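Dropping a structure here in structure tokens format, bear with me for questions.
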Amino acid sequence: MKREIPLIISMASGIFVLVGFFVPHPAIRAIYDDIQQWVIIVVAFTYVLGMANLMRINVEQIQRRSKDWVYKLALVVSLLATMAVGFSEGTHYLDDGTKFSWIYNTFYSAMSATMFSLLAFFIASAAFRAFRVRTVEALLLALAAFILMLGRVPIGSVIHPYLPVAADWLMEIPQNAAKRGILMGAALGVMATGFRVILGIERTYGSEGGGG
Amino acid sequence: MSFSLSALRHLDRRWIFLAIGLLVVVPLLTGFHIAPVLPGARARGFYDVIQKLPAGSTVLLAGDYDPGTIAENYPMHLAVARQLMARNIKIIGVELYPGGPPLADRVLHIAGEEYKKRESYDYVNLGYKSGNEVVMSQMGSSIPRTFPADRRGIPVGRIPVMKGIENFGQIALLVSISAGFPGTKEWVQQIVSRYHVPMVAGVTAVSAPEYYPYLQAGQLQGLLGGMAGAAEYEVLVKAPGLATRGMDAQSLAHIFIALMIILGNLAALPQRTPGAKK
Amino acid sequence: MSRLRLDNRALRAYRPLRTARRNTPKGAPSSVKSAGWIVLLSLGVIASHASGFPLQATDTRNDGGGSVTLGWTPPPRPPAQWIVYRAEPGQAFAPIDTIGGELAGYTDEQSGNHAVRNGVPYRYRLVPLPVDATLLSDVSPAATPRVSWFDTGKLNVFIVITLFLGLVLYYIRQSERGKVWSFRPIAGLIAIEEAIGRSTEMGKGVLYVPGVQDIDDIQTIASMIILGKVARMTAKYETPLLVPANSPAVYTVADEVVKGAYSDVGRADAYRADNVRYITSEQFAYVAAVNGMMLRERPAANLFLGAFFAESLLLAETGHETGAIQIAGTANVHQLPFFVVACDYTLIGEEYYAASAYLSKDAKLLGSLKASDTVKIALVVTIVVASILLTLGQPGLAEFFATQ
């Protein structure tokens, strides 16, 4: 039964949600809406498990003085301090002037934007290192890349007035066509995976039988 | 030539990082200007949709992004708020990213002060709610039930701008400023396809191509892509800001990356053995 | 014409409960509403179908009931607004809403005290505002709202899903009877086992990044399936497997998957709980942590399989710098270029979803893959045929597949 019960639950839920997509009857919709709420509640509870795991791993490594334990200590202290500040400020913790908003603006906002900005550096180094024109297709790709990169910035219209037009055409026609093909294939893959899980052919719950 | 190619082959990537850093930072700090920003058709479409809204109507402004994409999404979010307030259109703000509410607050307060608009009377920020598409779906049934209070904790029944707003039937336009998931695609799937609310979107440059099919199909009436789209829109709204200033840096960066592709291919040319020519 | 005096309190009871979909000013002045009543009563039109323009009323299709749809052809000179009147059997007409004069349709979905009730035949009439006796609509035929049991607007989706499911079951049955199909080799999937072998030889670990979406995303579910297969391989070869999770729910499932895989191959003793860990749900903080793991632990193989967004290049470039062999797979089309540039192998779109079938070589899974390919061929043929028909002026097939 240990294997059958999860299968029955996933099969029943999957079939019900599928039926709910096609049936607008209020009774079905009401249960469908309830199931969505249950998902939110279950996911919320998993945050408790996640926090426990995070603390356990890092505290153990601090206690053992393992490699780079100082960074783990910084993580734990920052986590607990931020939580304490947030709880102490109640529901208005993100209002202007609060300590939490200071943490948000000084640390969180700045560091998130910094990590995202690393992309600019990595794109430049990846362009130098990896973009090799060895075939005709790669040459076409490189030409398209040049047109797009220059056409999408103000200097493109200075270089040639048709560069932005060409860039738009590339995005709207060939790029769109190729992307739609990939999306259709991916959508079929999504359907196939979904059916495999619903029908119990594919089992992700650590038990043998799904192959492999 | 062979010495240069050899040097290129062994180029430490930190030189590339230094170059790109200087090319981006120097124009931003010095105000070095290369070329004017010319609004394109998509930015104009976005702008025109809002221009055609009747004064006094209500717009849902979804700021679904966080500080990670502040460079791209924040300027377009602010420019939209400015255009809406300039046209005396009421704004209801929501965010589906937990890091989103302070940014939305900042946008609405800045624009509100510029156009003498009052919070609760001309605009309101309902704040963040977890649940992604479930929240959107619930808003389709009832916005006040989904957000019983705004971000300050004031019940929506006591907020004048929320009076008469029950669901998307009372919303003239949905504006989605989105960094990814949940965002524009989910709004189209959950709301536009069910309730046929007009919608425009401002998204990051990387994800903009994903929404061209929606634009072509008419599910989106306007689309801004990345900082370039934000800059074009700022020009149309006549409030050049962060995005417009960033375009010069972006122009130089793009030229540099194109150059890197060329140099990288030159560096990959086959090496010639010394003396082999004889 | 007699003049009725109407109590304002009675009028307020009939104040419009809801504006129409397009923004129009709400409500009508009570004096004008009084005039509307006067016109209706004095002309005695409530119970008669006086001449006006026709008004259609039908049950709103494909809904959960409680809704009636009105339609009409606007007169040549429409008024500024219409007042929508509704009557139940045995009751007088009463105003329920005020809508813009330019509209040609209205959906009555009133709730609360004036809710539209299923099974009750309602009749409607439009009264112009300002009142103009020549612009009154006819009384509509009775329309009874009912609950729909099937959304016919999704018939096209239903047909494709049924066809797909039928083919899946058919090909599974074929595979159970011993039918074997050949599928093109996918380099990235062949390379997974090679990458794990390489890691074992070098005495280093394998890093498995399951994407940045939560467990409800199908890409994450597919990633968990592949993780089970990869965990079996690493358990057999005794290669450390690191799995940093972006969400607590993903961590919980990944932990169970890896633990189950290790015990399935009889290596439960080799399972290390610390190797599967929850990092953070914040996107860029997660990337920073995973980059740190790559630079410190120096895994010999990095598997990026799941939903990725802006962090894809950050992960792939950092992994490249450590010299690891990298295999990526995602259905997020906008991140594929970054993975293609920075990784050794990339699984594109449906190749990623096919991974579990390829890795397991299970007959049933391969059967579902065959069904997927067959439906794709059918869709391509349909697109070509519909495009030709559309060009020839026959939009029927294309319109049937239009999204509702």
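We just call them A, B and C in the order they show up, numbering each chain from 1.
Just so it is clear, contacts are C-beta pairs under 8 Å (C-beta built on N, C-alpha and C of every residue); 3 or more make two chains touch, one makes a residue touch a chain.
All values derive from a computational prediction rather than experimental measurement.
Visitor: Specify the chain most distant from subunit B by Cα centroid.
Guide: Of all chains, C has its centre farthest from that of subunit B.
Visitor: By the contact definition above, name the pair with the higher C-beta contact count: B-C or A-B.
Guide: Answer to which pair has more contacts is A-B.
Visitor: Can you give the whole-Å distance between the Cα centres of subunit A and subunit B?
Guide: Here the centre of subunit B sits 18 Å away from the centre of subunit A.
Visitor: What is the distance in Å between the mean C-alpha positions of subunit B and subunit C?
Guide: Roughly 23 Å separates the two chain centres.
Visitor: Please set out, as single numbers or ranges, the residues of subunit B touching at least two other chains.
Guide: Answer for subunit B, listing residues that touch two or more other chains: 68-69, 99, 209-210.
Visitor: Subunit C: which residues touch two or more other chains?
Guide: Those would be 282-284, 310, 333.
Visitor: Could you list which residues of subunit A touch at least two other chains?
Guide: Touching at least two other chains: 39, 112, 115-116, 123, 125, 127, 129-131, 179.
Visitor: Considering the complex alone, what residue numbers of subunit B touch subunit C?
Guide: Where subunit B meets subunit C, its residues are 54, 56-58, 68-69, 99, 164, 166, 169-170, 172, 180-181, 193, 196, 204, 206-207, 209-210, 217.
Visitor: Please output the residues of subunit B touching subunit A within their complex, sorted ascending.
Guide: Touching subunit A from subunit B are residues 11, 13, 16-17, 19-21, 24, 34-38, 40-41, 66-71, 99, 101-102, 105, 130-131, 134, 137-138, 151-153, 205, 209-210, 212-213, 216, 226, 228, 231, 247-248, 250-251, 253-258, 260-261, 263-265, 267-268.
Visitor: For the complex, give me every residue of subunit A touching subunit B.
Guide: 33, 36-37, 39-40, 44, 91-92, 94-96, 101, 104-105, 108-110, 112-113, 115-117, 120-121, 123-125, 127-133, 142, 145-146, 149-150, 152-155, 157-158, 164, 168, 171-172, 175-176, 179-180
Visitor: For subunit A, which residues are in contact with subunit C within the complex?
Guide: My answer: residues 18, 21-26, 29, 39, 42-43, 46-51, 53-54, 57, 60, 67-68, 111-112, 115-116, 118-119, 122-123, 125-127, 129-131, 179, 182-186, 188-197, 199, 201-202, 204-208, 210-212.
Visitor: Which residues of subunit C touch subunit A once you look at their complex with the stated criterion?
Guide: The touching residues are 62-65, 147-151, 154, 157-158, 161, 164-165, 168, 172, 214-216, 218, 221-222, 224-225, 228-229, 232, 245, 247-249, 251-253, 256-261, 263-264, 274, 277-280, 282-285, 287-288, 296, 310, 313-314, 317, 320, 331, 333, 336, 338, 341-342, 348-350, 352-354, 356-357, 359-362, 364-365, 368-369, 371-372, 375-376, 379.
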